[in-house]
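In the two assemblies presented below, chain A is common to both, partnered first by chain B and then by chain C.
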Partner chain A sequence: MSDNMKRRDFLKGAATGVGVGLLGAMGLYSYSPMREGYFPETERKMTDIGTCRSVKVTNISETSWFENGVLMGDIKGAGGLLVNQYDYNWPPFGNGKGLGKGSYDEGIAKIKHLLPNRLEEAWDIIEANSVHPENAGGYAALVEVEEMDGNKRKFLLDVGWSYKWCDECFKREGIDKMLENKEIEALFFSHEHFDHFWGLPVALKYDPEITIYIPEGFYPEGLQYIKDCGHTGKLITVKSGLNKVIPGMASYVFAIPIICRVYGEQSLYFNVADKGLVSVTGCCHQGIIRFAETAYNEIKYENDKCHGIYGGLHISPFDDWDPKYDDLVISLGDYGFERIGCNHCTGVLCAKKFIAAGYPVVEGTAKFRSKDKAYLGNGDTITFG
Partner chain B sequence: MPVSLNTLLPPALQASPTQAAMELPRALMTRANFIPGVRHRLGWRGVRDCAKGQGGLTVRVTGMQGVYGLKFLNVSETDSMGQATFHIVYFPAPDEELIESFSVQAGIAAQQDDYLDRVREFTQYPDLSALFGIGVLEAFFLPEESGVALTLTAPENDTVIALDGVILETPTGLLQAVNPSEEDQNFPAWRTAMPLFDALAASASYCLKTAPKSLTRQTRPGMRRSYGKETGIHSELAPDTRDIRLGLGWNIRVPDNPELGTPELTWTPPSPIPEEFTDAPWLSADLPGATNSLDKRTMGITDRPRLIVLTGFLGSGKTTFLTRFIEDQAAKNGFVAVIQNEIGQKGLDGKLLGQSYAVTEVDEGCVCCTLAGSLRSALSGILSEFQPDFVVLETTGLANPANLLSELADLDDMLDFASVTTVIDAVGADHTLTEFEVARSQVRLADILLVNKTDLVDDETLIPLEQSLRQLNPSGDLYFMSHGDIPSTTLYGVNFRKKLTRPTPQLTPMGHNATHEDDNIQSSLIHLSAPLDRTEFEQSVSQLSNQVLRAKGVVRFHDAEKPEIFQYVPGSHTLTPADQTHEECFLVIIGQDSPSIAEHFQAAITG
Partner chain C sequence: MERFGEGYLEERKLVKRWSGPVPALVSLVLTLGIFYLTWWIFQDPRGIMRMYTPYVGYMYCRWWLIMMIWMVYIFNFWPFKRKWLETTHPLVKGAILTTISVVILVALIKGFFEGLLGNYGLAYFNPEQLEKLPGVTSFFAIEYSALAVLMFAAIASWLSPAWVVAFEEAPWQKLKQPAKGFSILMLTFFLSTIVYFVTMHPHMGILYHPWQYFTSIAPPYWEQFADTVSGNFHVSWIMCCTVVVWLVETIWERYPFNLIKNDWARRFACFFGIIGIALAMHFFLYFAQELTWGEAIRGTRRAFAPDWRWLHVGEMAIFFLVPALFVTFYCDNWPKKYSMPVNVLLRTVVTLVGAIALYIVYYKTSHMFLGTQKGFSHPQQFPMIPMIWLVNIWLVHHWFMDNWPAWKMVPKTVEEIEADHVAHKAAIEDVRWTPRFGVGLGAGVAMGVIFYFVTVWALPSVYAAVNIIPGK
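Up next, the complex of A and B:
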């Protein structure tokens, strides 16, 4: 070929002649000085987690904070998204020194003696010492699993943030009584973020012995907080990967870095008889596509069908080297979910796009400070199966 | 254990050296990418997880057109030090010069329509790793010392000989693409892999809050491959190339690779860093501000929010577009402040948006008349309270941005001017543009023209509309959308740094497009064929006539290697080194009587 001819001029639409496919097929780098990987071709593991008859989720609260502007102002004012969440001086760890100058030790020292039973007194102290205590809300959900024999078992996913708001929400949904009666057998934390985790004393006030599952990757302050809140039950740290809980229910821990110095997210998977896979998430920082793909590869579920999903469906903040893709909305369609209940960090506009795209979004009632009917809001329920 | 290492990985994870080594590159990239200003400074231009598997990552890095892929290979532990190995691939843009150096087979793969889709999930496609592999990254972690090391190994040039040559079937017939026994590939692998390694190492220095304390370089004679129908594929010593392994250690010495022999270069402080590394981005880790958390202030970044002036006639869809923009930013942890002066018009529905933004109304008449006083005080309130990333000044549909722009100079200590974005209603545009000078002015001054509601009209309306818009404004970016729906990165670029494109050639240079000369605002284009003298340029800019309302372009100076992006609004201008390739240098001048101003200006700056 002539020297001044560019390959780009003729490669489009070209195909190699006989015998040249070798390069791609044989794997260049196995002949290069590079090390070989020992990954076998991935096959679906399809672990059997059993089946359950149905799953009902009650949204205790999805409003993590009430004004995003205030929250973002705090985060930016304190130095940005890498700042340790215990340093913001947010409730309950206020030390009175102002934004970005907080610390776990100083904050907890002011309230530790009141946890977990004297939360109203604690909140008075917190209000006096914290930055924007009125902005704190929380994320928490009640998950009721009906076993194949009809027996029902209850679990909590997350406990919210503000003691005041969460106690109000717990009472509204009768969670306080369920905890007192030991009807709820375990509490799963999706991740260590303030809005999912810091309301812990509210749950422990009603049942300090409850078993707690946390994803691997909690920081020392978080582990200490569980103790300082007066927890007396079992604490189970779940390793990355799949963890069977009861027939038809498993949790999965994703090892991922999350803003505000948090690491690791735990999501819940259910296999509902005759329906298929049901996923329940806190924030889904791993991204909804990875979440669904993981289920596809790791778990065996009925009819090989994705049936339902509930929770915050996070858009990856980094999916941005090619702006032409609108991953979440388009790709979610590939999985064919039949019931979608979304809220929290999904974004109302995103939820509306799901609806516009014809996805089966179960709308809510926009009560108790939830913002829009596109969200499965506070006090709303959704049943799968 | 130092706080900074804990910021990267939780203590529980550090207890397992192999797991920590495996997670290290991802943790570095993810943490460093959380803050836009920081990530831009460190050289990142986008990160994406391969959702479908095996912990692959795809990233873009400043200065490179293509996409890098990082794929986990294996992990081991020796003497409680964890070591993880990753394969580095580089996927060039389909029109990038580097395509010429890859194999023909790789070039063909890059021209396929589904190339970028495959790249996004490259771990699923072994042929992509085989064709585009350029090197290996090693990550080391030693818990006791809080030690971290990163190494890059790659051949200087990765050469492949096609013994039988390569014959292609092209749409125009057979073509001998490579002659027998000639090079199918001669790829500058080392040079291509370095920008990724630099960004990763700079992120390590940033996250660990310390510069590397050890550097080593090992080399060995390189290999090349040859393939043919008879012989299959095999490796042999290559005459003129080496394999290079460069390592950096934070708190520990870089472990050597025995396969590469004695290091040819080693460095530890306090001896001076070898000359070739004095500008390395990972050296500048003497970060001020020892706060107990990482943040952008530790890099000395004091980002001013970017100002977008949003104009458009009443009912064109400004609010719809703005709603989408705000949510888009919120999803990326960005925060938008909006200043409105729509009199009696329905503003943003705060309840609907969950207050993902701050909004202040400036209602003392038209913003362009009362700007200086009330806008300034509204801004200072909003900036100190919320520290937004963007301020959108949503003007009333009746405002003429020409009046506005000349006032904005007063605010340049608080904001970085980014864009005049004008929304146009495809349905009513024809009438509006014919009847109202203000509407024409909004189009003329726009950096970005958004034609909205395109779903309601057909090509018979759109094509003439595009022509009249282009006539009024040859230099702005033009987009079509419906329901205000367009990703903000498309409009403003990743990290808000978009390549500036030369105006479309359909209009004569030097602005002889005087069809609507009501207020004689025109666009003029200046071609710049040779580099300029900076002092002369700055001086000429300061003397620009006050008839100039906007100027922008790509400029090359004698004293700088990279071209620079020039942005001008009256009384204020910026020159920012371009981080993308710009083949051509040019200036666009918008204002009254711009052809003669442009002529004078060109004469002044080109001496």
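Up next, the complex of A and C:
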């Protein structure tokens, strides 16, 4: 056999062998327990955000929309969950052209001159030009933090969607007066979604100078809307990661894509003295488990314990279901939460599964159009600490 | 004797109209243009029909792929005659065959799945039946139903071509069409049904509340092993099987299984070899995510959830299919000048590089022009849909239209066909056991293992350096 033949045979064998060796290693090693040696030990950052004495959350509104079937019908008709939220032709950006044919520019042009003070007139125009304005509700919560010295500080988390519904809810809970009196020092937006953000003029009607915190990732329409609503205060774009706010309170921005063309979510952490970590969320698109895991890796908190949750946990917002949600129901018990106040996009079905699993769900009163006592409903409060 | 399309793909000679890479580039530009136009019409959430919900669009996309596999690989273009295939203008041929594939597609989904199975067997195949349940909205009824139908498609798109590629149509290879086609169709459909019931039916069973203990196994048997109750664990390896079938058929020329001389040993080795290779991909691509993003955490959402990680394995696998088919369809399976193992290795390297490049470009840019969303793990982010949609366009172009206009189809002469067979046989016989081959094989295995561990070691830092989506 010539050298050339020998070399060719070697190459043929080697080319074949590379595939065999590579695929063999891939198959035998990649999912074996031995692979765990490659996982780095996670070093907890234990960032000190301070402590607070207690946190009280008042649910201004958790009913973002009133009928799932109507909302999902709109979403389906407009092309699904990936359609840009400003294109659905929902209030307040109705242009009169029908479902799926909306645009921010055309919608805002009809009402901009009325914002933020002439909201009733604006809503009349919106009702005439938008798709299903009667279905719009909104999500908003008042967060009261009691500092260690007893001083209480107030923050708004989100402002809802429908001007009409939100103004009614603000008045019901006295938020209008708190804003007028400058008792509420800042407004945190969890994310850009219609049901959390589009009710902004209602807050600005009472306090146009309020400081606003938005998560990194707002689209140009959202940024323009803040201006068009007549905001004159400070606008702070919060970068991804942990951001301390006051002693015992921090926000965390998760860089995640969200349905209806939205990006990024900001949630709140509190370190309550003698109790532990409390998590307050708008929709928690990042997932409650990731939210808790992030806290574990990033923050130092009392007793190293997850104490409570409040808010939308974004599990089955449209009462849809998926086996991955069962993974959550099965796993949540491992985190040891002592008080769970859930509503909004958690899904009533999910809340019931939590209760059936024996989790400490704080049930509500089902008032003001909230549908089920499994939810901490509109007008209900929860206190941690 | 009347001939239909048996052997048509092998016995056609595609002659380039221009020299060098121009035909491939022209075809790429043309097919990407058609892709984008049809994507806008049918799928894009900003477009006309907006089927990318995502499951409805995925269902049609996936079954359309199978329709073409059935028409070409299983039925060999029957009932169209060979002469018609050879003499009809590619545009006319493409229009007629594509229309037929779509008609069968709609009949299958609306008639068989929704109409027959959904009304008389399993309610979840029909959205109208699902909507009768309290609390189920029309949108999710359609999505659940589409999910079930498309999962059947995922399985069928692995098994349908696998019977031709691995089992070489046996034992019906000598039957005439349509008897051969119907025989293979019945068997692969039957196997798909079995695989569906033991992989995806338990997933559908726990979509209901309470879990459907009487009709499906709940919790599913894979829960502990896969760290999730979701059927995405199966989506993962089944997608890998679908991709590996085509790698074996195209850039690997069925190597090394074609070295086995005994017919049935070769067929079984190839069929189960495809599954073995797919499982290797399935586990490695999951591990790759653990290395780059960290360990999965059960119960969480998106990129850290085990169920999404398994789904993403399938998504990553599909990125391998696109460059592999491009190499075969438009680059004449380049290179061909070395021995078969070396050619296979080089094509695999090209495919690997192409897949990684495509993955990076897709996640960096797709949200700017496909109407998808930025990020890896959005629940409605399904790269499988645009990738398979592009593959479908290429199948229409390559199978139905003979790569027109950059290539011209000329039937091979008897001598050319015979020469092809001789050359193919010689290429296989060129690979035989010698002491030097054995030494090379041993050295290659060692290199493969070393390459694996180097990859595992380097992946986290390489991924961090590439930074596909800033902020992630």
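Here is the rule we go by: the second predicted complex is superposed on the first by the 334 of 385 C-alpha atoms of A that agree within 3 Å, B and C clash if a C-alpha of one lies under 4 Å from a C-alpha of the other, contacts with A are read in each partner's own complex, and residues count from 1 in each chain.
We adopt the following convention: contacts are C-beta pairs under 8 Å (C-beta built on N, C-alpha and C of every residue); 3 or more make two chains touch, one makes a residue touch a chain.
All values reported here derive from a predicted model rather than from experimental measurement.
Once the two complexes are overlaid on the shared chain, A:8 sits against chain B and chain C alike. Once chain A of one complex is fitted onto chain A of the other, the partner contacts of A:371 are limited to chain B, with no touch recorded for chain C. When both complexes are overlaid on chain A, the residue A:289 reaches chain B and chain C alike.
Of the two partner chains placed around the shared chain by superposition, chain B is the only one that A:220 touches, whereas chain C remains out of contact.
Shared contact residues of chain A with chain B and chain C: 1, 6-8, 10-17, 19-27, 29-31, 35, 38-39, 42, 68-69, 72-73, 76, 78-84, 87, 100, 216, 255-257, 259, 261, 263, 287, 289-290, 293, 318-324, 326, 331, 349. By the touch criterion stated above, chain A contacts chain C in their complex at residues 1, 6-27, 29-31, 35, 38-39, 42, 68-69, 72-73, 75-76, 78-84, 87, 100, 216, 240, 255-259, 261, 263, 285-290, 293, 314, 318-324, 326-332, 334, 349, 353. Across the complex, chain A meets chain B through its residues 1, 6-8, 10-17, 19-39, 42, 67-69, 72-73, 76-84, 87, 100, 216-220, 237, 255-257, 259, 261, 263-264, 287, 289-290, 293, 297, 315-326, 331, 347-350, 371-372. Those residues of chain C that touch chain A in the shared complex are 45-47, 50, 52-54, 135-140, 142-143, 203, 206-209, 219-220, 228-232, 256, 276-277, 279-281, 283-284, 286-287, 290-291, 294-295, 297-302, 304-308, 338-342, 344-345, 348, 371-375, 377-381, 430-431, 434, 436-453, 456, 471-472. Chain B meets chain A in the complex at residues 6-13, 19, 23, 26-27, 30-31, 33-35, 38, 45-49, 51-54, 58-60, 67, 71-74, 85, 87, 94-95, 99-100, 103-111, 116, 120, 126-127, 129-131, 133, 135-136, 153, 155, 158, 160, 162, 164, 166-171, 174-179, 184, 222-223, 225, 227, 229, 232-235, 243, 291-297, 323-324, 327, 330-333, 335, 351-358, 385-387, 487-490, 494.
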